[in-house]
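What follows is a pair of complexes built around chain A, which joins chain B in one and chain C in the other.
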Partner chain A sequence: MADFTLDEDQQQIQDTMRKFANKQLRTVARQCDENYELPREVLDRAWELGFCPNAIPEKYGGYEMGRSVLNTAIMVEELAYGDASLAMGALCPALMMMPILEFGTEEQKAEWLPKFCGERFYPATAAVMEPRINFDVFKLRTTVERSGDTLILNGEKCMVPMAGQANEILVYATNAKGGGPQSVEAIIVDRDTPGMRIGERTKYMGLNSLPLFPVVLDECVVPLSRRLGGERGISFSRVINLGRALLSAMAVGLSRASYEYALQYAREREAFGEPIASRQAIAFMLAESAMEIDGMRLLAWRAAWRLERNEDATRDATLAKMYCSEQTMKIVDYGVQILGGHGYIREHPAEMWFRNGRAFAALEGLAIG
Partner chain B sequence: MIDFSLTKRERKLQRMANDAARKLIRPIARYYDDYEHEHDEIKERDAIRQAQADIGMQSLTLLRQLGKEPGTDLSGIVATEEYYWGDAGVSLGAPNVGLGNAAIFAVGTKEQIERFGRKYTAMAITEPGAGSDSAAIRATAKLDQSTNEWVLNGEKIFVTGADRCEAVVVWASLDRSQGRAAIKSFVVEKGTPGFTLTKLENKCGIRASDTGSFALEDCRIPYDNILGTPEIKVKKGGFQGVMKTFDMTRPLVAIQAIGVARAALDFTKEKLEVAGYTFPYDRPLGELSVIQHTVLEMEANLEVARLLTYRAVAMMNQGLRNSLEASMSKAKAGRSATLVTQKCVALLGPLGYSREWLVEKWMRDSKITDLFEGTGQIQMLIIARTILGFQREQLK
Partner chain C sequence: MKILVPLKRVCDPDNANKVKVSGDGKAVTSEGLEWKPNPFDEYAVEAALRLNENAAKNEKLGEIVVCSIGVADVAQTIRQALAMGADRGILVTADDGALESTVVARALKALVEKEKPDLVLMGKQTVDGDSNAVGQMLAEMLGWPMATFVASISTSDGGKSLNVKREVDMGVVTLKVTTPAVVTVDLRIVSPEAVKNGATPDSHKYNEGPRYASLKGIMQAKKKKIDQLELPALGSDATPATTYPRFELPPARSGSCTFVESVDALVDKLKNQAKAF
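The block that comes next holds the complex of A and B.
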C-alpha cells in the first residue's frame, strides 16, 4: 500500500546523516572548495558511518546489516545536503565495492570485500565516463578484449573520482565496440598496472573538493580473473540505473541546501521596510523550489524503490535523473538570485551550490548503493 | 515505510474505471462538448446518464472511504484519474462526486453524511466580487431563533453542477464584521424557497459539466444544515473548518488534471509512434530529437505531479495534516497539465489544432484545473506562507 513516510530505521538513518552532514561536511565545505582538497579526516569520519562494511556479509568481515537502495537514497540526500562534492568522495569506495557485492564471483568477493571492512577509508573507485561531448553511457568506447587468460583494455576515461589515490579502479568497457549495455564488462585494475595511465587531475567548474582524473588505457593487460562476475558478467543497466537513482537523490540534497539557505536569507533580509520574502516575486521562487524538491525526492525514491525490488527501473531512473538535474539547476539558480549580488560573492555558499548543481547534468555512474 | 505499490484492490478499481472511461465516457466526450446545454433534447442523453451514473455510483463509495476511514487506500484517486482520462466534462458532471459531497464527507457529522451523502451536492463559494479571496464573500446567514432556521442571502457564481445537482454547499458569513472566522458552510437543498438558479455559463472547456449562478433571497434552511460549528472563533482556526475541505478537494483536482493531461500525452505518443517516432528511456540527450525530449519531460512532470498527489491523499488517509502537500499537488498538477496539453496540440501540428481529434479539447479542458479550487498562484501563496511561517499580513 502506498506510503510516503519513513519507518523508524529510515528516520534514524536520516537523523544520523543529517547531523553528520551539518557537523562534518557543511562546516568545511567552502574551505575545501576553495583549496580543492578532500581532507583525509573527513573521509575517515565518513567511513565510520559504515556504509561499506554494513552492506558486506559477515563471512567477508562485514556487519551484514543488509543493503537497501531506498535507505541509501535517504542517506546520500543528507550527505549531499552537507556537501555533494565531499559526499561523492566519501562514497567513492562503494563505486567498486557495491558491484563486487552484487555481481562478483565467490572468489572475487572473498578476495576484495574484506578490504572494505577495515577501520580506515579504503581508496577504490570506478571509471565509467568518457571524454566526449556526445558521451553515451550505453555506448562505451573503451574496449576489453580477451586474449587467452588475460584481458586487454583500451580507451580513455574521464571524471574518475580519486583515481590518483585509489588502490584499484573498476573499469567499465565493452567487449563489442558500439555495443549496448549487455556488452559491458567491469574489470578490476590495480593502480600500477602497466598500460593504465592516470593523468593530471582535471579541474571543473564545481565539485572542487572531489579530485577527478582522466585515465588512459593503452594495451592494458590484466588477468582474466579480474572480470567481475566471471563468465556471467554484470548488469550494466542496473549499475547505471542505481547511479541515476542515487545521483537524483543527491541532487535533491544539494537543492535543499541551497533552498533552505535562500529561505532563511529572504526571511531576514529587508528591503523597502520589510523582509524580501514578503514579496511574491521572491516568495514564489521559494515555494516553487519547495514543491519541486518534494517532487524530485518522490521520483528519486521511486526509482530506488524499484531497484530495491529488482524490477526494471530504466524509465524511473532516467526520468528521475533528467528531471532532477534540470530542477536542481533551477533551484540553485534561484538560490543565487534570491541573495541578489550577495549570492555571487564567495562569502555565501550560494554560488558554490550553483556551480556544483550543474554537475548532475554531466555525471553518470558516480554513485552506487 | 516508503512504498509506491498499488494494492490489488486499487489496481482492480483502476482497471474498472479505465474500462468505464474507455467504453462509456470517451465515446461521448466530443458530443457533449459540442452540445453544451442542449443535450437534454438529444436522444443520446441516455449515454451520458449511464456513464455518469456509473462514475457516480463507484465514486460515491470511494469518496466515502477517501474522507472517513483512516488508513484507507488510494482507490478513489486512481479511479478518478481514469475517469478524467476518459473525459473531464462528463466526469465532472457525474452525480454524487460534486465538491459539495467532498465537503460533507470531509467536515460533516455522521448524521449529515447520512442525510446528504447520497445527494449530488455542488459547492458555491465564488461570488461576483470574491474569487480567490474567499474571505471577502458577502453572502450572509442569520439565525432566526423563533424557527431555529438559518436565513441565507446573497449571490453565488461559477457553481459546478448547478443545474444537475440536488443540493449545494453554500459559503456564507454569520457576521461580516468578524471577517473570515465567521464564514461557514451550509447545505441548501434544491427546491428550497428563495434558492434560484439564475444563469448557466458558456465555457472554454469542460462543457459537459454545467456551471451556473444562484440567488439566495431570504432562503430558509434547517439549523442542522450547517457544516461544522456555528461558533465564531476569531482568534484561531475559525476559517479552518471550511478551508479543511480544500485539503481533500485540491488533490482531487490535481488528479483530474493528471487524467486529462495523460489522455493528451497517451494520444500524442500514439500518433507520433505511427509517424515513426520512438520514445526510448536509455538514450542520451544529444541523441534525442526535440519531440522525443519534450515527451520525456512531459512524462516526468506528470509523474512528479502524480506522486505529489498520491502523497497528499495518503497523508490525509493516515490522518496527517496535509494542507501544504495538497497545495503542492494542485499547483504542480494544474500547471503541468496546462503546459502538457498545450504542448501536445503543438506537437501534432495542424491536426492537433483540429476538432477532428480531442487534443484541442483536452487543452481547453485541462485549463480549468489551474483555476478552480484555488488558482495555481493561490496555491503558491499558501505554500510560500507555510514554508516561511508567515501570516497573510506578512505575505499578501
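The block that comes next holds the complex of A and C.
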C-alpha cells in the first residue's frame, strides 16, 4: 500500500541536490545573509541543474522527463537544507513557469515556456500575498476586470520575491471582489507595464538573501491574451496547494540543517566531563527534533503525492504546511538553545536558521511547484 | 579521443570511522553505510569530460566509456557517471569481496584490449583500500606509458600526446606522455584550469570540482547503454595474489596531551620518556 523507498532516479536527484546545496549554497549562505545578496552566479549555477527545463516538454525547448511533484519535494528539501533563502531565489522563476505549464493555453505555453529553457537564470516571479491584516489567500482583493480585449488590474501585493529583477510577474487577482478561489485569475504582467509599480525592497527578519517587494497595480492594463489559461482560467487551489506542499518540504530541509548542526555540536561540546548530547535536557530536544523532522517529511510527501495524482490536496497540503511551519519554529529554536550562547552569535548558523525558519509560518501562498 | 574510466564504489568516506571489523576478524564490514563513487574516480570522470569536449560550444569530441567491477548494484555508480556526461558503461559482475588490485588490473587489461581506448584515465587510488596500485599494474601489464598523481593535463594534438604535471613531494614533475597511456589523477585535476584540450578555449574557466549530474543528465543516463559481463567471461585470471588472514583495529589512542616549556624539555621527554630515539 505504501512504499517509502526512493527509486534510483530520486536517489540521484537527492544526491545531486545535496551536493549542490552543501557546496554551492551552504558555503555562501552566511555571507549572502549578512550582505543581503542573491549572487547571480549562484542563481546561474543552480539554473544549470535544470529544474525548469526538466519539467518542460521538448516541443517548448525543455527535455521533459516526467514532471513529478514528489521529485520536486525531494529536490527543494535538499536545496533548503543548503540554504532556504538562496533556494527560494533559485526556484523563484518556477513561480511563473509551473502555472504556465499547468494551466497555460497552447499559445501561452509556446510563447513563454521556451524562455525558461535557456542557459542562464531567467528572472520571473509571482505575486500572491496582499498587505492587510485580515489577508486570506482565498479571498484576494486585487481585482482584474475585462474591458474589451484588455484586462485592468487594481490592487496591492506584498512580499513578491525578486519583483525588482523579474522580467514578468504572474499576478493573481479576483474577477469578483471577495470571491473564493474559483474567482482567481493569473495574469502575466511585464515589468515595465504602465500602472504597475514595484516599491522599495521590504525589510524583514530573515531570508535576507531573498529580496521581497511590494507591488502596486493602479489601472494596470494588459492584453487579454495575458490571462493564464484563457477562458478556462486556472485552479488557484492547486497553485496554493503546490506552494504549501513544497514550502513544507523546504521547512523539512531547513529543520534538518539546524538539527544536524545541533547534534554534531552536542556530541563534541563537553560540559561536566561528558558531551552535552548525553545529558537528557539536550538529548530530548535532539530526539524530538529527529521525530518531528521525519513526521514533517511524511506529511509533505503525502501532500506532494496527492498533487502528483492530480487529486484535491487541500487537506493534505494544509495539514503539512501548518505542521511543518510550527515544528520548524520549535526545531530551529532548539537549534539555538542546544548551542547555548554560541547559538545566539553569528559565528554559528543557528541564529540564521532561526530567523529563516520563522518565515514558514509567516509566508503563505508562495507557490513553488 | 576514446577514454576508458574505471570506477569503484566505496563506503561513504565521510563515515569512514563507522567501518568495523567482523566478529571473526576475517573481513572489514561496512553495514549500514552508503555507497559513494570513489572521489578520485569522480575526478577522473570530470577530467575525461573536460578532455573530450568543447565547453564553449557545448560539443562532445570523443567517447567516454566508464566501467566498474562488482555486484549488480554497482550499475548505479556507473549511471552516476553517465548522468555526469559519460557515454556508455560496462559492468563486470563479480563478488566485491574477492577483488584486489591484481585481479582488478588483469580484468581492466582485458577490457582495454576489448575496447581499445586511447587513454585510461583513473583515480590515483580508492579511498577504501588506499592501495594506489591498479593504475601502475595496468600500465605495466599493457606495456603502456603511465603518469600517476596527475594534477593537470594539456594536449594540443588532439590527444596523441599529453603534457601532464604530477605533484610529488619535491615539487611538480612535468612529463610528456604519448598515448595510448594510463593516467591516474589527483585532487587538483578538477581545479578550474587543470585540463586544456586545445578545443575548449584556454581562457575557459571550469567550476571547481567534478560537475553535478543535472536533472537532464540523470534522465538521459537511463537511456545510455551499460553492457554487462561476468568476470570469468573476460578470460582474465581472477585469483587474488594476496590474502588477508586477519583484520584488527589499531589500539584506541589514550588521547593525552602535555605541554612542555621548551624545545630541550621536549627532546628530553621524547628521548627518555617516549623512547622515540
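To be clear about the criterion, the second predicted complex is superposed on the first by the 368 of 369 C-alpha atoms of A that agree within 3 Å, B and C clash if a C-alpha of one lies under 4 Å from a C-alpha of the other, contacts with A are read in each partner's own complex, and residues count from 1 in each chain.
The definition used in the following text is that a contact is a pair of C-beta atoms (placed from the backbone, for glycine too) under 8 Å apart; a residue touches a chain by one contact, two chains touch by 3 or more.
Worth saying up front: this structure is predicted, and the values here are computed from it rather than measured.
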Report clash or fit for the pair chain B and chain C bound to chain A in the combined superposed model.
fit
On the A-aligned overlay, A:12 touches which partner chain: chain B = first, chain C = second, or both, or neither?
second
Kindly classify A:322 by the partners it touches after superposition: chain B alone (first), chain C alone (second), both, or neither?
first
Tell me which of chain B and chain C touches more residues of chain A.
B
Determine how wide the angle is at the CA centre of chain A between the CA centres of chain C and chain B, giving a multiple of 10 degrees.
80
If we overlay the two complexes on their shared chain A, which of chain B and chain C does A:70 touch? Say first, second, both or neither.
first
Once the structures are superposed on A, label A:28 by its partner contacts, choosing first (chain B), second (chain C), both or neither.
neither
Touching partner for A:48 - first (chain B), second (chain C), both, neither
second
On the A-aligned overlay, A:188 touches which partner chain: chain B = first, chain C = second, or both, or neither?
neither
Once the two complexes are aligned on their shared chain, state how close chain B comes to chain C by Cα atoms, in whole Å.
9
Per the touch rule, the chain A residues reaching chain B in their complex are 1-7, 10, 70, 133-138, 181, 237, 263, 266-267, 274-275, 277-278, 280, 283-284, 286-288, 290-292, 294-296, 298-299, 301-302, 305-306, 314-315, 318-320, 322-323
In their shared complex, chain C is touched by residues of chain A numbered 8-9, 11-13, 15-16, 19-20, 23, 45, 48-51, 53-54, 63, 65-66
Spell out the part of chain B that touches chain A in their complex, as residue ranges.
1-7, 10, 73-74, 281-287, 296-297, 299-301, 303-305, 307-308, 310-311, 314-315, 318, 320, 325, 328, 331-332, 377, 380-381, 383-385, 387-388, 390, 394-396
Help me check something: in the complex, which residues belonging to chain C touch chain A?
76, 79-80, 83, 207, 209, 212-216, 218-220, 222
